[in-house]
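There are structures below to look over.
Both of the next two complexes hold chain A, though its partner changes from chain B to chain C.
== the complex of A and B ==
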């Protein structure tokens, strides 16, 4: 466990050293500050669009950090040849993958927490229908989302170059927003093998849309029932476990 | 060797300055023929894509009206899209029957539970939440007349900001002088809220002239003409109102225009 934590700690240090996080943080502060001071036709108390933008920015920026930081881990070690001393240590390859995953996830979760706190600040200052339960659920779902993204990126790093990995993850993230509904509808509409095929694809692809509480938070809908929170958490842990297991397996068989 | 480099540099500089003069002449000639857009620089980058982004902004306003959810037209009994406003309370069709899902199909159940399907509308003061999207739609594409008329409608009819609505519509008219929609909306607002029938009739008769130059349907024609005829009526000009009512009667024989015509014809004759 110590070894995994040591690897993760190295990744977290990278977040502090690099400027990506600070740039995104300043950009978010400026944009949200500008939006919340905007007035339209002297009408007071317009808040939903600020919440909408705020939540979207939090998720997008955390996603960017999760993808870029996690995707760099393995290729940069190979590129700088620092992978050899790492492999020479009494450390299994699976643990290296786990450490890198943990580092990527923690980096994005730390960034997400800072972004989310800023968003909560703007959320609490105006508008109707404030719900702390929903905010809490949004936070939990954000963390689960970043775990899943990091696991997926870590899995892809075994097969792809850095840029291909980042592009693929972004494409999957964008595509799943619209493909998911179509897959589900087709699985329910068709019968037999075709239905099974759509169902299989549905279960195979990562469902980032499960974690998106933007509309609920923006439009003050009811909080999710507890069973959904547990189910989504279970789904995320299972999906991450499978991805990391195969990542460790492939990485273990790799020759350097 | 040094002289050779100097010559090359001088030749390049001469060429650049000659080309620069030609480009400048071309730019000035182009600018003279094409009036400069008053849109911000980053908006100009979007090019023709601005109209698409602007339409998406109007759609987003419609989603806000439905609590953030997109609704298909067949989900509405009467029109309840913000772009098809008709001053009526909306009646909903029966709720959609969702297909049954196997109890073991956990992901489908999660998807259904996370997603939102309830049909809601903004009401009262909440209506202000759609205004930013409509405002940005008009900012992104100043020729999106729908964005102006919708903003005008929501400001005047739903948010009691008649003055703001008129100022905004006049700004829209300045940018789209040939828009019958904005003229008609201004005419309606002057008729309904300001009660200035003279100004209302001017806007509405301009709208009537403009609408005849573009494809339109009879409902749109009725929208302009009914307010125009009523304006003439309030101005005490039945001779101008009667032909319009007759025209409306031809378009919609089932409506109340026959009665109006009968009354006015009697008034004029007596």
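== the complex of A and C ==
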């Protein structure tokens, strides 16, 4: 565990010292600040718009950090040739993957926490209904979402170039919101092999939409029942475990 | 003295589609405890492949290889091995001290021992004043010094160095040679590859000449040059032996 943490720690240090996070942070503060300023003009529904936009920004910016930081972990080790001293150390290749995954996840979770706290600040000062339980659930779902994104990116980095990895993950992120429902209904509508194919794709693709509480938080709906929170958590752990298992397997067989 | 490295009929072939490159064609050698073994050969001779096999990064396809009587892939073996790569652009957003802490933690070194050792190592490679600077500001030579320090972080019994003096100024080169000699005196075994033949001649107890995956000759510099005209250097011997094979 100490070795895994040592690798992850290096990734976190990089986040603190690079400008990426600070640029996104300033960008978010400016955008949310500007939108909140509009509330002074009593435009109807503006605080809901701030919530909707703010939540989307938090998720998008955290997603960007998770993807960009995790995607470059292995390629940059290979490019800088630091992979060799790392492989020569007394740790398995699976632990290297776990360390890099943990680092990528931690970096995005730290960024997400900062972004989310800012969002909560704007949320609490808005005039509409508030649900702290729902905000807590939003925070948990955000972390689960970032774990899944990092695991997916880590898996892809075994097969893809850095740019292909980032593009593919972005496409899946954008597509899953609309494709997921279509896959499900087609699996139910069709029969036989076609139904099986749609069903297979539905279960194979990562359901990022499970973690999206944007509408619920924007309109301050009721908090989710606990079984939903546990089910989504279980789904995330299982999906991450499978992805990391195969990442470790492929990375372990790779010739450097 | 105990044999630290034993390689028998070591073979390795890289395959890329239909193309096959025989990197090692049955290499035999051994390195004794406390010995400095210099590995020389032109580019593409198979030196780096041999080093990767010694580190357990690659597995031999044929033949046998043991380090301290164990397989190099065994994490226990790696615990006692230090490795300095030829080129490595270490994490630009870390300081040398942070890099050494990271590697030290991977080796499971306790905090007190680690901090004491890092201080000594940074002193040894003359980087104590730059220990808090981010490595993105480092020159190639400074990066080599960091690389040398990280190879020693676990106080290894076997040190594998790939071009250890490449990119260093003459003073730092001399210093590195002295450190290598000091390590030998402490009973450490050193296996290193270099294109700097005068350096290899100067510090190696034994030298192995590798060419196109075959070990052409091995022995002490005296043995290799023995019986030849007086005043012949390792460089002229090397050029001659390689020339004969071309």
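The criterion applied here is as follows: the second predicted complex is superposed on the first by the 248 of 256 C-alpha atoms of A that agree within 3 Å, B and C clash if a C-alpha of one lies under 4 Å from a C-alpha of the other, contacts with A are read in each partner's own complex, and residues count from 1 in each chain.
Everything that follows uses one rule, which is that a residue touches a chain if its C-beta (ideal position, glycine included) is under 8 Å from a C-beta of that chain, and two chains touch if they have at least 3 such contacts.
This one's a predicted model, so the numbers in the text were calculated from it and none came from an experiment.
**Q** For the three-chain model obtained by superposing on chain A, do chain B and chain C clash or fit?
**A** Overlaying the two structures gives chain B and chain C room side by side.
**Q** Of the two partner chains, chain B (first) and chain C (second), which one does A:224 touch, if any: first, second, both, or neither?
**A** Touch partner of A:224: chain B, not chain C.
**Q** So in the superposed three-chain picture, is A:180 touching just chain B, just chain C, both, or none of them (first/second/both/neither)?
**A** first
**Q** Contacts for A:125 in the overlay, against chain B (first) and chain C (second): which applies, first, second, both or neither?
**A** A:125: touches no partner chain.
**Q** Should A:163 be classified as contacting the first partner (chain B), the second (chain C), both, or neither?
**A** Touch status of A:163: no partner.
**Q** Contact-wise, after the overlay, does A:14 reach chain B, chain C, both or neither (first, second, both, neither)?
**A** second
**Q** As a test of reading the superposition: which chain, chain B or chain C, is in touch with more residues of chain A?
**A** B
**Q** Please compute the chain B to chain A to chain C angle from C-alpha centroids in the superposed arrangement, rounded to the nearest 10 degrees.
**A** Once the structures are overlaid on A, chain A sees chain B and chain C at 140 degrees.
**Q** For A:88, select first, second, both or neither according to whether it touches chain B, chain C, the two together, or no partner.
**A** Second partner only, chain C.
**Q** What does the superposition give for the shortest Cα distance from chain B to chain C, in Å?
**A** It comes out at 36 Å between the closest C-alpha atoms.
**Q** Of all the chain A residues, which ones make contact with chain B and with chain C?
**A** Common to the two interfaces on chain A: nothing.
**Q** Under the touch definition given earlier, write down the residues of chain B that touch chain A in their complex.
**A** Contact set of chain B toward chain A: 64, 67-69, 99, 101, 105-111, 113-114, 116, 125-126, 128-129, 131-133, 135, 155, 159, 161, 164-165, 168.
**Q** Give every residue of chain A touching chain B within the complex, in rising order.
**A** 38, 40-43, 45-49, 128, 180, 184, 187-189, 199, 202-203, 207, 209-210, 212, 214-216, 218-219, 221, 224-225, 227-228, 231-232, 235
**Q** Which bits of chain A are touching chain C when the two form their complex?
**A** 2-3, 5-7, 9-10, 13-14, 17-18, 79-82, 84-85, 87-92, 255-256
**Q** In the complex, go through chain C and note every residue touching chain A.
**A** Touch list, chain C to chain A: 52, 55-58, 75-76, 78-79, 81, 83-85, 87-91, 93-94, 98, 101-103, 105-108, 134, 147, 150-151, 160.
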